[in-house]
Every structure is written in structure tokens, then in C-alpha cells.
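Quick notes on the structure that follows.
Chain naming follows the written order as A, B, C, D and E, and within any one chain the residues start at number 1.
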Amino acid sequence: GSDPTNTSAGSGSKASASSSASGSTTQPIVVGSASFGESEILAEIYAQALTAKGFDASTHLDIGQREAYIGALKDGSISLFPEYTGNLLTYFDPKATATAPADVDAALKAALPDTLTTLTPSAAEDKDSYNVTADFAKKNNLHTIADLKGVSGLSLAGNPELKTRSYGVPGLDKVYGISGISFTPISDSGGPATVKALTSGKVDVADIYSTTPSISQNHLVTLSDPKNLVAAQNVVPLIRKDHDSADVDAVLNAVSAKLTTASLLELNTKFNGPDKPKAADVAADWLKANGLA
Amino acid sequence: MIEYRSVAKTFPDGTEAVHDFSLVLPSRSTTVLVGSSGCGKTTLLRMVNRMVDPSSGQVLIDDADVASRNPVELRRSIGYVMQHSGLLPHRKVVDNVATPLRLGGVGRRDARSRALAALETVGLDPTLADRYPGQLSGGQQQRVGVARGLVADPNVLLMDEPFGAVDPIVRAELQQELLHLQRDLGKTIVFVTHDIEEAFLLGDQVVILRKGGEIAQVGTPAQILADPADEFVRSFVGLDRGRRTLRIQEVDGKRVVVDADGRAAGVLA
Amino acid sequence: MIEYRSVAKTFPDGTEAVHDFSLVLPSRSTTVLVGSSGCGKTTLLRMVNRMVDPSSGQVLIDDADVASRNPVELRRSIGYVMQHSGLLPHRKVVDNVATPLRLGGVGRRDARSRALAALETVGLDPTLADRYPGQLSGGQQQRVGVARGLVADPNVLLMDEPFGAVDPIVRAELQQELLHLQRDLGKTIVFVTHDIEEAFLLGDQVVILRKGGEIAQVGTPAQILADPADEFVRSFVGLDRGRRTLRIQEVDGKRVVVDADGRAAGVLA
Amino acid sequence: MSGISEGISWLTDSAHWHGDDGFPHRIAQHLGYTSLTVVIASAIAIPLGLWIGHTGRLRGLAIALTGALRALPTLGLLTLVVIWRGIGLTPPIVALVVLAIPPLLAGAYAGLESVDRATIDAARAIGMNEWQVLGKVEVPLALPLIIGGLRAAVLQVVATATVAAYIGLGGLGRYLIDGLAVRDYPQMVAGSIVIVVLALVLDGIFAVVQRALSIQR
Amino acid sequence: MTWFFDNLSYIRELAWRHLWLSVIPVVLGFVIALPIGYAARRWRLGGKTLLSLASVLYTIPSLALLIIIPGLLGTSFLDPTNVLIVLTVYAVALMVGTAAGAFGSVSESVVDAARASGYSTWQRIVQVELPLAGPVLLAGVRVVSVSTVSLATIAPLIGVSNLGSLFTDGFQRYFATEIIIGILCVVVLALLLDVLWVLIGRLTMPWLRVRGSR
């Protein structure tokens, strides 16, 4: 309560209310999240799972910029963060080339700074995916990214970094031989503005995270990626080494084991649903359903 | 001739500036309204060019009710000179003077030459014509104001404390000049002041006002001094304080006229 | 006694406000500096309390050079009354008057009671004490200014056109009151005005100044009127325009004194 | 501080001075958004401000309105309009117009209010009609303050037009958003420097104009 | 609407935090801008330049400033101090000009009268010039306050949540209601704060209330 930076007062007070043998001896864990729903829900899941096992865990949600939350992890303002293997790797090593899940994980472990580590990645994946509208897919007979090669004057929307990253514009050219793309950078991580740009016909293709409910809601077609252009993006707990312990690992690994890509989509759909529930409640329901809390 | 017929003015905020005022102001002469601050002088003056419309009663110019005239047209036909010159600070002196002409539809060149002539009439150096008002002294600005009031050759000239803001020496000069001008031009002048000396100097007819535009006395200066209507007038013109009660004293062989307080007023001719 | 010894003042921008001025101002009497705008009156006045330091020469109060005194201390020991009252708009009337006492270290309660007494001295209703200056009329504000100048009972009182901004009727009242006060208090007053009538009324000694603080004539009012030093003085005091050249006229059976222009000046006793 | 020197070398790298991503093009876009915004905002705010100043009516409303508009967060408006209208020029222009209106409105009505009542009275008294009073007296005399409002509006818009880059448009905001996306700090610093310099230059131009306008009084 | 009531305590907390994230910079900005504005006013030559520089501070993009500040000052990343500093910088930028104008608005003749009554320099600045600059300063504080409340919505970008979080969250969820509620809360907060400044002005400047009541 007295820490003004803690938004999630509910889970914070819950954490301090309960106590058990293992929890009372470790230092408090602050779980951070980025400012999009999935990240917030995952952070809540970690925090509540830890709390349920007696750890003193709280959340600091809604940190808009990766700069800020990586910095916060490094300086100890937060100690745990739900991350994605591929993106995290590119962040620490912009020239990384690994794409397969195991390769990415290995490269990531090597690239991480000394103070941080990642636990076992879950099977759940949420990665950049190239999407087109159903009409556009039908008209151009599109199924895979490779099919885009035949479309002339292609336009693409996505986060600004797509312009320079290996899985973005340069990769489409190098891996699939698609060149001459006009790129519109939209800084909402495949959020509503990007979707709107696609559905309103402003662009032909949009990079949207694969577990975004709007893909199915707008009947978008996700183009498959036979050549593994896009690196694996498995959900993985990123934690400060000084907060890491076998007890913590046990809790988080149990969570990771239950998480699937389908469950991410389900969580996101619920979070974006008509009730607009709180991330904490969505997380609590999932933990209960999976017997983790 | 200007005639007030039972005019009254109550402002929207409830202030009754003029209660019930009737007066005839003869043509080609100067009538001075004098009274202390807030007694309604300005309000009365501005009824003539419809800057203020009376709540009741009429103001007539040459027997025509001003209420029947378009105010903008009316104002263009009447000269108006005010205390703080009211010059437009962003226009050159000559353009300020030419404004009433230009508004009346006179061509640019013609207006300019008439404006220059008007500046000469009020004794201003033509080299000042292309300055901005801010570059003139207070006295010069007042002269420009008078020139602007005269330039369209109006029959009626309204002057609202035109010399109130300049220092006494310049003021005396301006008063003298107005007297000379009026001798030549013979306008119908309504002049407002709160300085009784100025009123006595300039007025053919002097109107001493009480609060609410009530007339305390009307007459020539000498009539008023010789025969003040009541205590208020006596006090207003200074007869009570002894400064109008003069006697003669010998100083350095000259006959100096001093007032009851011993203040020197002048030397006997 | 205040003495100017060959003082001169050139402002940083090069304006030579005072060229070379020497004068003795006797104690317990009123000396009036009179002259037209910009002739250096204010500059001379402010040398006394070191609001202006002379470029050369000295100002002495009771034979001590003011330059040797701390300016803040000096100012606290001298009363100063200015044209626009100079009251602090954010302090109540009584606090304004008490300011010089408070600055001099007098306790709050004591200062307040002396301030109330000073307000009474200048004829102000004590109910006004807890108003702000903005709630008073111009004349009342000037009275407060005088009260503030007097409150610390200074020997020297500097007054810079203190009645210049009020209307003539109130002005005449204030002048009378100052005369009465001075009769009782006997301060050394330096009074600045550009109104020669005021100078003649208030001054024991009148100093007529030309540009640059040059003395045109020093003397009592009667001396100056009877024996003007030169054309400048004649013109300044109005002897040239005939308004000091009086004659007697019969109106309605009274002997009215009129000037050369025929303007009525008063009635012979 | 090394960030700033790296930013300067990014800035002086000739590779960043041509093409669609080059500074000239981005500056042109940025100025384009700025002028479009200021033109629209002026068209709304200045007539309204002149009317309020001239008539003295609705002054309280104008003050409340400028206060409320100032309180409207640019980011919130931007996202809201994006949700309604999708991406494009509309959302940033709407958000920026809202930002630009308060200083323009305040400049216009405060400008007119600053004109000496006696001067306006004199203008009426010598026979000007209301339009002449407004056009020949009030507006010319209020011009320094009106321009002052314009100056403030332009500065704020130049500083805030970076938001256009959030949703796919160009302008100098691109350097900030793109730089941030790929952790290219020198690019961000360079972009910021250009924005600040642009603002300084515009501010200087306005200062000169204002000085020229008030010189004769 | 139901969302608003369901999340009332959350919104209240965000608003509370928004409040102090805004008030502190406004107060600090005021305190810092006062001497700078006074100096700019007195110091004829450099004054104009100082004012220009201050107003240009305002044009440094907030995003850049937010990212740079922790590196520059060694503050921790999620520290609300970063936001406070950035908002204070903008508040100073906006306030310096007003402060200079405010001191300029004090009548020369009153200052002169104060000197003549024997005020020392410090007494004069504190007891005369400062209070008399009050009305213009208050107007300035009101503008700065409203702008700061609005500007503070950028804080969530660096992990300091406040009412601005409702925008990012609403945007992610394609949820206009949340954004609109966010905007309304910001406006209401700004207006409430404005009322506070006006009240403080009334209390500290009683002489203004009676002006014109003559």
C-alpha cells in the first residue's frame, strides 16, 4: 500500500496477507509487465501463482517501453517479467539469426546480461505473424508468406522495428524474395490501429501477434511461414538471478507447463471481451481452472 | 443650435447619470459644462453624437432629433475631441487627422492635403505629419486631436476635457489657441471640463452642474461670479474660500492683488 | 536645513537632468520647486533621500552630506509623498501608513496605533483604515499618502506633485489641509509642482526652474509677482498673457476684478 | 553527454540527409503537419476569439473552454480518434488542433481586450462602424498579441507533432519512434535536436515579426 | 458506465497518483521559475535570450526526455522521479515567461514608492514585488497546472501508471469507453486543481477581492 508505484494494490495486499515457510524467507518479488493485455495477464498469473505458494509477490504492470522495463529489471525495481524468447534475443543481440525454438533459447541464454536469466520456455507462443484480409487472400490466392511474391505493389503495416529487423522487411526479401514493399510503421504492436489499417484497405499485409483475438474476430488470414522467417517467441519467465531459486523455479515452471498458445488466445479473448475484466481476475480464473491456485 | 429636452440617462447597471436636463446651446458659440467628477458631463456631451442614447427625452440639432439619424453618419458630421486625444496609435499623425474624411468617402490624396491644412490650422509643424502619435508630446497629441475634430469642417464640435492631461503651461497655450480658432471659425462648441478657471476662460455660456446632471447655474462667467445662485456655486467657483475675495497690497512699489489667504493673484494695471 | 551644493545629474543614458544647482532650503518652512515638465524637479527632490545620487556636488541635511548615510536608513528618516500616492495596493490603508514605522523596527501594535493617529491627523475617517487603497477615492488615497509621509514624524518631508492627480475641488481642499498641518507641525517641506498657483499658495520660498534645473528666480510669491527676474518668469507666472494684469469692472453692482482677456478673477472685498 | 555527441554525429552523417528518411523530407513533413494544424486551428479560434474580444460576450465561457481544451491529453485524443476513424492524417491533426486552439483563442481575445478602450471609443466617435472598428483599429492593435498566440501555438504543435509518427505518418517523430523501436539512441537524440532547432528557428522568426509589429508604438 | 463503477477504486487510485504527479511539478516549476523569471526581467541584455531558451525547453520531445533522464541522472527506471523531473522541466519552460511578465506587470511607481519608504532590496522583492506579481503568477500557474495534468498522461510509457494508463489499456483493448473515461477524468482533475489554485489565490491575495467594489 505505501509503495506508490504499485498499481495492483489488490494482488499486492493479497501477497502480504498470506505467508508460509518458503515465502517468508525469500525477498519480495515484483513482477513487471508491458502495457498490453497478454503481458499483464501473464504477470498476474506469475504473481498470483507465487503468492499462492507463499511468496511475497506483487506486480508493477503497464510499463510502456521495453527500454524502461529492461532497465527496471537491471536496477532491481522489478525482478520478474513474462517475456518472449525471440524478441528478447533480438533486444540483447540485434544481429541474432536463430529461429527455431531450441536455438533461440540457447542463443538467448548466451546473450542475457549477467544479472538476468530465463527459466524453461513454455510451449505457448505469441509471435509476429503476417496477416491479410480474407478477401485479399482469396483474390490473390494466398496461403503462405511465399505466395506474396506474386503480388505487386505490396504494402505492409507493423511496429517500426519491422523495417530493419531480420524477420521484417529485410527478411521478407532475403528469405522469401519479396521486394519493393512499402512499409507503414504503426507503434501499437499489431493493435487496433494496425488491424484497422489492414481491414480498411490502407495496407495489404499486417504484422499482428499470433494470439491476438482480432485475427479471428476480423476473419483475417494468417500466412504460414514455411521457411521459419519469424523466430520462435515462446513465453518465458525472465528473472533477476538474485531472485531466482529452486522454489521459485518450481512454481513458474508449473505455470509454463500448463500454458499453451491456445490458452494465450483464450486469455486475450476474455480480456478484450465485452466485460473488459481486470487482468488480475482473468489470471485468477485461469490459475483456478488449471489447479495452480 | 443644440437643444436638450428633458433628457435623462440611466445606465444598464442602474447608475442614474443624468436625471432631467434641459438646455439650449446657441449656435456659433461655446458652451462649457463644468462640474466635479461623475456629475454627468461626459454623458450629456455624448448624447449629441449618439455615443450615448438618452433613456428619455430628446437631443435636437437645428431642431432635428438626433435619434432619427443613423449614428455612424451623425458621428461623421460632428467633431469630437477627447481627453487622451483618442488617436489611433498605429496610424501616422496625418492619417489620424484624415480618418474622418476617409470615412466620409474623400479620396486618399485629397484627404491628406486637407489633413495637412488642418494640422497647420492648429499650429503643428508639418514635419510631424509622418510621425506616429506615440512620438509626439502630450500637448502635440492634443493639437492633433483638435485638428482631427476640425478637419471635416463640422458645424458642431464636442470637446471632452481636451486639455486635461497636459501640463499647465501647454494647457494655457492650447486654451489661447482654441480661443483664436473659435474667433475665426465660429463653431458650435460644447466643451466639458472640471476646471472652473478653464470654464470661465473659454465659455460664452457656462453651465455649472451638480450630480446627476442637475443645473446649478447657467450664465456668463461674470454673471456667475457677481451673482452666484447658491452656496454650491459660491463654493464651486471659489468665492467661499477667499480666493475670489481680493484686496490690494503694496509690494516693491507695485499694487499687487492678493486674495483672502494672502496669495498673490496679480498686479493691478 | 537642506543645502544643495553645485549638484549635477547626468543619467546613464546621457540625459543631463540637472546642470549645476545650488540652493539653501530653510528649516521648518516650505520650499516649492516649480517648472515645466522635465525640468529636473523630481530629480532634485530625490537627491535628498538618495533615490537619485548626484553625479557631482553634494546635498546636505543639517550640514551632513547625505552621501555618507546608508540610503535605506536615510529614506526611513524622511517622509516622501508622491503624485500617484504610491500606496501598496496589497496592504490595507492602516498597514500602508504603518510601513515606515514597521521598517524602522516599531512593534506591530504600536505601529498600528500611531498609523491610526496619523490618519486622523490628515482628516481621514478611521473606518477607512481597514480598506485597501483600491477602495478609496483619489483624494482619500492622497491623504493616506500624506499620512504615511508624516507617520514616523520625520523632520523632512518631500512631496512630488502630491495633488497632481486629483480633481481641482479636492485638490483645493488638500492644499488647505496641508497649510493647516504645516502651521502646526513646522516640517522642512520640499514641494514639487508644475502649477504656479499651487506654488504661490503653498510656498514660503518659491523656486522657478528652467530646463536642466537652472534657477530662473527664487523668492516669496509676492516678490516674484512684483519683480519678475526676466521674460521667462513673467511668462511662467502669467504676467505676459495678461491674466495677472488685472483691472476692475462693475457687474451687477459688484466690483469684479478681471484680467486683460476679460476673464473674471474675483470680486474686490 | 556522450549520447548527445553520438546524436550529433548521427545528425551530421550525410546518409541521413536525403531520401524519404532524410532530414529534409522529414522536416518538410513535420512543417506540413504543423502548418495544416495551425491553419485549421486558426480558422476556428481566431474568428471566435475576435468575436469574443470585440463583443465582450462569452468571455467566461472562452476562459473555461481554453482551460478544458488545455486539459485534453493529446495522447488520449489521438488513441480515441484512431479507434473511431482508423489511422491516417485525421487523428493527429484533430489532437494537434485541440492543442493549438487555446493559445490562439487566448491570443485573439486577450489581444482585443488589450486595446485601450478609449481608442476604440474614439474610433466609434469619429464615425467608424463596427466592422471598421474591428478591422481598422482592434485587429491591427491586437496584432502583436494575436501573433504571440500564433507563436505559442506553433511552438507547441512543432513539439507535439511527433505523435503523428505513432500511427504510421512521417515527420520528425519518426526518428524518435523508430529509434526507440530498435534502441538507436543517437537517432532519437538527433531527431530531438532537429526538433529543438526547428522550434528555435521558428521562435526567432516570430520574435522578429512581433518586434517589427510593435516597433512604432 | 458500468465499467467505470466496476473499476472505481482502480480509477481513484490512478487519479490520486496522477494528482501528485502533477502537483509536485507545478509547485517545483513555480519555485524554480520565479528567480529565473525575475532575473530575466532585470537582466536586460540576456533576458530575452533566457526567455527564448526556456520556451524552447518545452519543445524537447517528452519521449526522448523520458528515456534520457534515467541515464543522465542515474535514477532508477521505474522511479516516478523521472516523470516528476520531465514534467518539472516543462513546467519551468512554461512558467519562466509568465514569471518575467508577472514581475514586469508590477507598477514601477509602486516599486519606486517602496524604495522611497525605506524597503531594502530583499524586503522589496519579497514583500512588495512578489505579492503584486501574484495575479499574473496565478494565471500562469493555472495554465501550467492544466497543461501538466494533461501532459502527465505520458508517464505510463515508462512504467509510471496514472490516468494515462486508461488510454494505453483502452487502446490495446479497442475500448473507447475506457479512453473517454480517462480523458474525462483528466479534464475533471485539471479543473479541480484549477479551482484549488483559484482558492489559494483568493486566500493569499485578499486585496484583489475588493477591487472595483468602490
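What to note about this one:
The criterion applied here is as follows: a contact is a pair of C-beta atoms (placed from the backbone, for glycine too) under 8 Å apart; a residue touches a chain by one contact, two chains touch by 3 or more.
In this text the structure is predicted, and so the values were computed from the model without any measurement.
Contact with chain A and chain E alike is made by D. Between chain C and chain D, the least number of touch steps comes to 2. More C-beta pairs touch across one of A-D and D-E than the other; that pair is D-E. Look at the CA centroids: the one farthest from the centroid of chain E belongs to B. Relative to chain C, the most remote chain by averaged C-alpha coordinates is A.
Separation between the centroids of chain A and chain D, computed from CA atoms only, is 38 Å. Separating the CA-averaged centres of chain D and chain E is a span of 20 Å. Separating the CA-averaged centres of chain B and chain D is a span of 49 Å. The multi-chain contact residues of chain D, meaning those touching 2 or more other chains, are 82-83, 177, 180.
Residue positions of chain A touching 2 or more other chains, listed in rising order: 65, 67, 188, 192-193.
Interface note: chains touch in the pairs A-D, A-E, B-C, B-D, C-E, D-E. The touching residues of chain D, when paired with chain B in their complex, are 116, 118-119, 121-129, 132, 136-137, 140-141, 216-217.
Chain D makes touch with chain E in their complex at residues 3, 67-68, 70-77, 79-80, 82-84, 155-156, 158-159, 162, 173, 176-177, 180, 185, 188-189, 191-192, 195-196, 199-200, 203-204, 207.
On the side of chain B, the complex with chain C involves touching residues 36-37, 167-170, 172, 176, 194-196, 200-201, 221-223, 225-227, 236, 238-239, 241, 243-249, 251-254, 256-261, 263-269. Chain A meets chain D in the complex at residues 65, 67, 91, 94, 157, 159-161, 163-165, 184-188, 192-193, 196-197, 200, 202. Here chain E touches chain D in the complex through residues 48, 52, 55-56, 58-61, 63-64, 67-68, 71, 142-143, 146-147, 149-151, 153-154, 164, 166-168, 170-171, 174, 176, 179-180, 182-183, 186-187, 189-191, 194, going by the rule given at the top.
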